[in-house]
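Each of the two complexes below includes chain A, the first together with chain B, the second together with chain C.
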Partner chain A sequence: MRIGRATRIALYLYGVLVIAFLYLPLLSVGFASVSKARYLTFPIKRYAFQWYGKALESYTVQDLLWTSLSIAGIVTVISMIVGFFGALAFARYQWRFRGVFQKLILLPIFFPQAVLGLALLMWFNSIGIIPDWKTAVVAHLVWISPIATLVIAIRAYSFDPALEEAARDMGASTWVVLKEVTGPLLMPGVISAGLFSFLLSWGNFPLSLFTTGADSTLPEWLYAKMVSGYSPLVPTVGILSIATSMILLIVAFTIYWFVRSARERGARII
Partner chain B sequence: MPPEPILRLENIVKRFGAFTALHHIDLEIDEGEFLTIVGPSGCGKTTLIRLLVGIDEPTEGRIWLRDKRIEKVPANLRPTCMVFQSLALFPHRSVGENIEFPLKIRGETASRRKERALELLDLLHLPHDFYDKRINQCSGGERQRIALARALAFDPEILFFDEPLSALDFRLRKKLEKELKDLHERTGKTFVYITHSLEEAMVMSDRIAIMRQGRFEQIAVTDEIYARPISRFVAEFMGEVNLFDVEGTASGGLRGRGVEIQANATGGGTELTLPQGTQGALMVRPESVRFLHPGQTADFIVRGILRASYALGSRTQYKVESSEGIELAVEKLRQDRFMGNVGDEVVLGFDMQNTHMIRER
Partner chain C sequence: MERSDRKIGFLSAVPITVILMLSFTAPLLVVLLFSVMPPKVFTLAHVPDFSSYGVLFSQGYYRSLLWSLGTALAATVLLFLICWPLAFAMAKVFKGFTLFITVAVVITLFVSENIRLFGWVLTLMKGGLIEGHLRAWVGWSFEGALYNVPVIIFGLVYVYFPFMLFPLVQGISMVPDDARQAAADLGATRRQIFWEVDLPLSAPGIVIGSLLTFVLGAGALAESKLLGGQAVIVIADEIETAFTYGQNWPLGSALSIILIIIIGSLAVFGVSRVDLDKIMGRRR
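== the complex of A and B ==
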C-alpha cells in the first residue's frame, strides 16, 4: 500500500506525541531527583546530585534495595526452573490433564493482583505464617511463574520433537537428551522468561503491599513516602529503581549480542 | 543357505486406542540388504519404523535382532539408528558437532571424534571446511549428507530411513537416491527405507515390501514386484499399468472384455490360467504394448482410437481408448515413437511373456 507524504508525516507526529505524553512524566521524575530544591518547580534553578549520595548512604534505602533484590532474584531463579518444566508439560508432552493444566495456568493472571495479594495474606494468616519478604516471594511466584511458563512454552512449541527422538536414537539417555538438546534449544526462552520474571517482581507493588509484612520493597516505600513524608529522596530512589532494571536489560542484551556474533563467526560457544 | 535374518518381526500389532495401525505383521530382514517399505500415506509404515527403531513399543508381538528380543528395548539401547524425515539435525550445534554426537555419547575422545567426522565428510563427498559450519548455512542436499554422516558415525547394525528425501527437489532427489544405493554397497550395512514414492523404492532397493492398511500386501525382489504384482493394488501402486478383466472358461482358456485372445496364449502350459468361472485381471505394462502394423499379429490384440500422446523426454506415452471404452497406456522410447495422429484408429498388441495374471483373492 502506498502512503502519501502528508499521511506519513502525520503518522510520525502522532507516534512522537504518544511517546512524549507517556514518557515525559518519567523525565520529570528524573529532573526532580537532581533538583536542589525540596519541591519540583520549573525551571530548575540549581542542580544537585546530593540526593543520590544520601540515598546510597541511607540504611533504609540499602535495606529496600536488598529486600527487593532478594525477592526478585529468588523469584527469577525459581520461575526459570518451574517455567522450564512447566513449559515441557504445557507444550511438548501428551498427558491426560494437559488441557486442564493449560487453562489452570492462566488463572492467576486473570485475578486482580490486589485480590490475589489479599487472598494470600489471609491464607498465610490462617495457616499461622507471619508474613515477611519470604512470603512475598511465594506471592510473586503465584503470579509470575505462569507467565514464565508461557514465555518458555512459546519456544517449546516451535521445536521439532524429532530432535529429541533422534538424540535418543543415537544412544542418549533421558538426562543427556535434556542436557544436550532440550535444554540448549529452550535456553533463549528460559533467559527471556528470567528477564520478565525479574522485571515483574522488581516493579511489583500490589502483591508486595499485602504480603511483605514488616519488610518493605522499593515500590512499597515509594508509595508510603508519597502518601506521607515526601522528600527528594523519593524521585531519587525511583530513578535508582529504573536504573537497576535498565542495567539488567543492557547486560542481558550485550551478552545476547556477543553470543550471537560469536556464533556467526563460527566460534564454538559452550 | 540363505543369510540369517538380522531382524525378524513376529505377529506385530500396534493399536492406538480403538484404532489398529498394524495388523499381525511378520517380516524378515536379511543381513546387508536394502529393503524398502512402500505404501500410501496412512498405511502404517511410519508407525512400523518407529517400532523398529524403538521410539514406540508394539502392542503385541515380538521383534528379534539376531537372537535377542528387542521389542521392549528403548531406542537409546538399540544398536540401530534412523535418519528422520525432518533429518533432526541439531540447529544449535555445528556440522562437526552434529556428526560427532553419537561418538560423544559413547565417550570417545575429542581427537578420535574429529578424525572420524572428517572421514565421514570424505565418504559423503563434503569438503572438510563443513566441519565448522552451522546447520543453517547448509543447503538441503548438504543437510541430507550430514544427517547420513551422523547416522553412520553411530555405526548402527541397521540403518533406518524415514522418507528423508521427500522434501528435496526432483533432480537432487534422483542424485541422492543413487548415492544412497552406492553408499549401501560401499558400507555393506543393512538399510531399511520407508517411502511413499515408487521410483525411490525401485532405484535403490534389493527388495520391496508393499504396505496397505496396516498389512503387507507383497514382499519380493524389486523386479518381481514390478513384473508379477500379487494384486491390483500392487500393480497400480507400482506405476502405470493396463488391466483387463478376464474369466476362466470351460475349455481352460480365458475370456476377456475388450481384448482378443489368441487360442494358444492362455490355458494349459502357460502361466495365464484361471479356474473356470473365477475372475482375474490380465496385466501388461505400457512399455510392453506395441502398435501393430497391418499384417502383424500378437498374442493379445486390442483395437481402439489414439486419444492423446505425451512427450516424456526419453519416452513418449500414448492414451488409447479401446472400442469397449477402456483406456490404455502405451509407452515407447523416443526413437521408436508411433507416427500416427490423435484420432487415428490403431491396433495394439502384446505377448504372453510380458503379461501377468492377477488372481482375485
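== the complex of A and C ==
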C-alpha cells in the first residue's frame, strides 16, 4: 500500500491545522491578558502588562496559587508511590484478581468528574469531615492515581521479566529485586507519572469544585469569575497558570535531556 | 516463583485498592443510599421511599438526560470522523511528526479545561477574536457564535479530542502492514481495505476512544455552561443544581445514579470486550 505524495502533503497540512485549532483559544486568552482596556474587544487597541502586576500583587491570587500548589504537590507524591505498586500489580505479576483489578483501576477514569466530586462531598459529610483543601487531595487522587498507575504500567509492560528472574535466581530477596532491578527500570515511568499527576491536579476543575469547601483553587476561582462576568484578571491569571505548567514541563524535559546525554557519554567511556 | 508472583501481585495492588475503596466505592454507595431517601433530607436515617426517581419523568429531567446523551453522541461521531485521518497518518504515515503532534496535543491537556473553553468564548463572542477582526478588516459583522446547541457540541469535540485521538492511533498501529499489503495485492480497493481490514483490526482502539468521549461527554458540565450559556440544561447541570440551590440531595443522588447506570453499563461492557494487556503492549 503506497500513499501518494499529494495525500501525504494533505495529511501533514491536516495535522498542522488541527494543532492550530487546538491552540487558537489559548491565543485569544494570551491577547486578552495584555489588553489595556477593562472591557475586552478585539482587535486590541492598546497593549499593557498592568494586569500581570495587579494579579501578582493580589493576596487572593497568592492564596489560590498556594492552595493549588499544595494540593498538586501532595497528589503527585502519593500518586507516584501508589502508582508504582499499582502498575506492578496491573502489568507485571500474574495474580488471581488481576483482571478485576485492571477494570477497577479504569472505572474512575471513565467516571464523570463533577458527579464524583458531589459523591465525595456527600461521603465526607456523612462521616463528619468538613471539606477543605485536604479533602480535595483525596478527590484528585481518585482520578489521578489510576492515571499514574496506567502511565507506569506502560513502562512495566515493556521491560523484560527475565531481568527480575535472573536477579532472583542469583539469590536476591524480593526486597532487593524491587530496590535494585524493578525500581530503577520503572523510574522513567514513575517520573513521567509524577509530571502527569502534578499537571493534571494543577489544572483540574470539576473535582475541586465541590470538594475544597471554603478554600479555592486557581481553576475554581477562574470559573467563578468567568460565570459571574468578565474581569481582566481572568485571562491574566489563566496565562499565569498555564505558564507555571509550561515552566515545569520545560524544566522536566531539560533535566531529562541532560541525564540522557550524560548517560550516553558515560556509556561511551565504558 | 509462581507463588511469590501471586503474593507480590496481590500486595502491590493493596495501596491503590484501599484508596479507591475509601474514596470511590464508598461515596458511590452513599449516593445510592441517598437516592432512595425521601426528598430534601440530609441524613440517611429515614425510611426509604424511592420518590426521587419518580420526579425524573414527572418534572422533565429526562429531557436534560436526552440532551446530554444526544450531544455526547454527536460529539463522539464527529470526533471519530475528525480523528481517523489524523490517527491513521500518525500511526502509518508520519515519522518524527507523530511525536510533535503527540507532545503538542498532550500539552493542551495540562491547561485547565475551563481556561481553554474561556478562550473559545473570547474567540467566538461578538467583539471576539474572529468577529472583531472580521469587522475591523473586512467590515463583516455578525452576532457571535455562542449560546446554542451546536457550540456545545463543538466544545465537547474540542475538549475530548485527545481522548479519541490517542486510542485511535494505538488501535490503528495494531493493524499489521502485511495485512493491508496482502489485501491490496489481492485486489482490494481502498474502500474495501478500510472496511474489512483497518476497521475490524483497530476495533479495540475505536471502542476505547468512543467510549471515553461518549462517557466523559455525557457527564460534562463546563461546555454547556461556558459556551452554551445554558441554551439547554444538561444532566450534570441538573445534578449540580439539585445539590446546591435546590438543597435536595436525594433528587441529585437519584439523577446521578441514573447517569451512572447508563454510563457505567456502557463502560463495563466496552472495557470487558477489550484485551488491555494487548493494547498496552504486554511482552510475554
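Here is the rule we use: the second predicted complex is superposed on the first by the 247 of 270 C-alpha atoms of A that agree within 3 Å, B and C clash if a C-alpha of one lies under 4 Å from a C-alpha of the other, contacts with A are read in each partner's own complex, and residues count from 1 in each chain.
By our rule, a contact is a pair of C-beta atoms (placed from the backbone, for glycine too) under 8 Å apart; a residue touches a chain by one contact, two chains touch by 3 or more.
Every value quoted in this text rests on a predicted model; they were computed, and no experiment measured them.
**Q** I'd like to know which partner A:168 touches here: chain B for first, chain C for second, both or neither.
**A** Once the two structures are laid over each other on A, A:168 reaches both partners.
**Q** Is A:160 touching the first partner chain B, the second partner chain C, both, or neither of them?
**A** A:160 contacts both chain B and chain C.
**Q** Which partner does A:115 reach: the first (chain B), the second (chain C), both, or neither?
**A** A:115 sits against chain C, while chain B stays out of touch.
**Q** In the three-chain superposition, say which chain, chain B or chain C, touches more residues of chain A.
**A** The larger set of chain A residues in touch belongs to C.
**Q** For A:126, select first, second, both or neither according to whether it touches chain B, chain C, the two together, or no partner.
**A** Second partner only.
**Q** Contacts for A:255 in the overlay, against chain B (first) and chain C (second): which applies, first, second, both or neither?
**A** In the superposition, A:255 touches no partner, neither chain B nor chain C.
**Q** Give one of first, second, both or neither to describe whether A:101 is in contact with chain B, with chain C, with both, or with none.
**A** After superposition on chain A, A:101 lies in contact with chain C alone.
**Q** Where does A:9 make contact in the superposed view: on chain B (first), on chain C (second), on both, or on neither?
**A** neither
**Q** In the superposed arrangement, does A:23 touch chain B (first), chain C (second), both or neither?
**A** The answer is second: A:23 touches chain C but not chain B.
**Q** Please report the chain A residues shared by its interface with chain B and its interface with chain C.
**A** The answer is residues 160, 165, 168 of chain A.
**Q** Within the complex, which stretch of chain A touches chain B?
**A** Within the complex, chain A touches chain B at residues 160, 162-163, 165-173, 176, 180-181, 184-185, 263, 266, 268.
**Q** So in the complex, the part of chain C that touches chain A is made up of which residues?
**A** Per the touch definition, chain C meets chain A at residues 1-2, 4-17, 19-20, 23-24, 26-28, 30-31, 34, 42-44, 82, 85-86, 88-90, 92-94, 97, 101, 104-105, 107-123, 127-129, 131-133, 136, 158, 161, 177, 180-181, 184, 193, 211-212, 215-216, 218-222, 225-226, 236, 239-240, 243, 249, 252-253, 256, 259-260, 263-264, 267-268, 271-272, 276-277, 280-284.
**Q** For the complex, give me every residue of chain B touching chain A.
**A** Where chain B meets chain A, its residues are 53-55, 74-78, 80-82, 84-86, 88, 90-92, 94, 97, 101-102, 105-106, 132-134, 150-151, 154.
**Q** Okay, in this complex, where on chain A does chain C touch?
**A** So the residues of chain A in touch with chain C come to 1, 3, 8, 11-12, 14-15, 18-19, 21-29, 31-32, 40-43, 81-83, 85-86, 88-98, 101-116, 118-123, 125-126, 138-139, 141-142, 145-146, 149-150, 153-154, 157-161, 165, 168, 174, 199-200, 202-206, 210, 218-219, 222-223, 226-227, 234-235, 238, 241-242, 245-246, 249.
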